[in-house]
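Order of writing sets the labels: A, B, C and D. Residues in every chain begin at 1.
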């Protein structure tokens, strides 16, 4: 178990999580997939040997249980990817406050819960107890190194607030702020935090109806995105990136 | 009543809201001040003739009541400023999820509630009913103009996620995403939405203990900030700004 | 002479420089207008009492003479605005290298020459001799204060490189880098450097043919822009901005 | 010859160009190295089998000859990397205008010359003749595809103008504007233009004197940077990045 890298992918829905699961499995990692509903993951689990865990990532207890299960079953994760999000659209005066709140919880707050749990798992034990270590932290400051990558999936809305899409802008901006803060805090502890701006539509299956009108390679291939995540995970720590944006060659920006 | 501009200032605490209240009153506006606790506003109310309204801006019902009261008592607001925020600090692994959630609610979600209520008040009535207007909206699209300014107060953390400050980064990034989305959506409806990046400490009273070490004008003067808010409110709509940052001359950036 | 503020406006062509000249004159400033060709300035000179100076701002000698003339005739400038630029467009493979070079010289390098001359005029004499002041600078470091504002006019192209417009992007990005570096360097010396992103078309005269299709206030009014320049010049130094963008309310961004 | 990829690396000095040359050679590419002075390249040429070409990249004629030589000797380049730059530092009032001009020419204008020559080489012949193709371009618009990657090396100064470093900010901002414009223009023609923000010191040789004080992996390893350039070159076009920043894990940002 100690020899295998462990990857945790949270928020399974579109093609990206599946592509990540396949690539991680191919690279020899043990994979855990977390989603609210794990029913539809049966095929992917069979294909990749991944473990599926039911988890509402906006609930602290669920996220805690997810990481405890992973630790017990697979070991310490070295790659955690947060993919969950919930989009609510509409003119600002029409939006339902309860839905806006849910969107912010799923897109932003859940990212915090997963990022925090990942950091706790990756930091050395004296720093991950969930409380200040006091004097002992000071004494061992020099050797307090963690290990691993924590990646957050953003969207065009992470860097540009579109009209009639305030809730998604709020959630995705919040997630980017979280990722940037965590990158600054954890990089010097040897934990690589990065944010991906996916600027364009991700192809959903081989017969995505949007495909033809976008033209050849006009939608992001999930496998191509996953490749860039893995490249980022493999970066040497003397030359880390905290953010990268990915878009189809024909996409306006 | 119809001749007087109406200003609503939400989140009263530091010196900025008081300076805004004074400047708006001096400019002849009727002013409403909204805060969780209005006890400490007595002096300011006496000085400016403002109306104080108790309001927890992260509660939809409170915000609704606030704007109903303003409409009934003072009239339609032409300037709404959202100043509320709640900062939580600490290493990512130490943060209490409940407090992070509260921070996000007060700093980000409350901004949405206030921004939405302001938009509803400023848009023409057929667009502000809180539901899609259907066919009639299409018919009157050409003349559907609103009026007024909605301003959000940000911080250095709005554009830079600092270490050990993930919750504040999340809330302030979210607020900026909201402001940018609303600016794009509402500008063509004649409503000026802007975001202010306050990059530095605001002087709290004449004897702020930080003053001497910062040197002359080393902390932002609340009156100077308020002046820039008013300049922005007075901008001609052929040359609007959606964002401006303000910092002391000696501040590093 | 000592009681009057002095404004220097470099690069006179569109409506912005004329509007600035009028507003500065109205505010009681003495105004100098610098342009390659001063013939067409006769009307504006008559109207504002401004001094017109022939100057190719991309030539070090010309810029030196301009500021010497201003110093001798009007006194030390407290506001210098650089408006010059030259746009070259075309597919990257088609561009003429000589024209690209000229564009970079007029849009970027000329900005440096004017910014440097302005800084020399505004810094205290021991710092503005054009060479390191050595020991004496160290001795008087505490009191070495300058005074004034140096403003640079940018465009949408200052922050976004458009296709088929590489030369203009190069020049305008360079000018923004200059402005940002100077802002960081000179703000602590009491000199306010700022950059304006003009995002949209500026109305050229009362019968600008683009006006009708853009709709009411769809082009930036030169007077409205000038107003924001003056507001920035009047900002209290405890709350300075280094950049602001201005665009018509109906402009997409 | 047709089977081998061809890489052109312009501006050889620090460790990055050598690392790129080694990695490209290892990947089976034919490599051309362009520098003002090729004397010091003997060792690298021997090691990698690269061709060394003397070239002052700020001279149109030199750049034209470089690309003609590469075309004749190695074939059409599929990867062109521009690394040249010239840094001039000092207080704004002290800078020598002639040196500022040279810095802008070497850091910015040379990037244009190399980028243009690369685009001409990579675009289909009817578009690369150095003049508008007129009607025929319209007729063949559908099939006018190019191929290859054009990469520009930036620095921290590309996105932040530091005090006392105006000339470098101008040159590096200009280069980024060029890269962004070219990325938007050429991506839809199947040419991948990207900009790299190197944020930190690059290790110069095994005994870089700065190494010990920066700590383990505290300076960017040239091989690690080169790896990210190659990853970017290999990105699938459905998920291209136009910019990435690289910094050591312990670097503040």
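Basically, contacts are C-beta pairs under 8 Å (C-beta built on N, C-alpha and C of every residue); 3 or more make two chains touch, one makes a residue touch a chain.
Here the structure is a predicted model, which means the values were calculated and not measured.
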Contacts common to chain B and chain C (chain labels): none
Path length in steps (a step moves to a chain that is touched) from chain B to chain D: 2
Interface residue identity across copies chain A, chain B - same or different by half: same
Chain centre separation in whole Å, for chain D relative to chain A (CA means): 32
Geometric centre distance via CA averages, chain C-chain A, whole Å: 45
Two or more partner chains touched - positions in chain B: 184
Arrangement of touching chains [line / ring / star / complete / other]: ring
In the complex with chain A, residue positions of chain D that touch it: 184, 187-188, 190, 192, 203, 217-221, 223-225, 227-228, 231, 235-253
Touch list for chain D against partner chain C, complex: 60, 91-95, 97, 100-101, 104, 108-109, 112-113, 115-116, 119-120, 123, 127-128, 130-132, 157, 160-167, 169-186
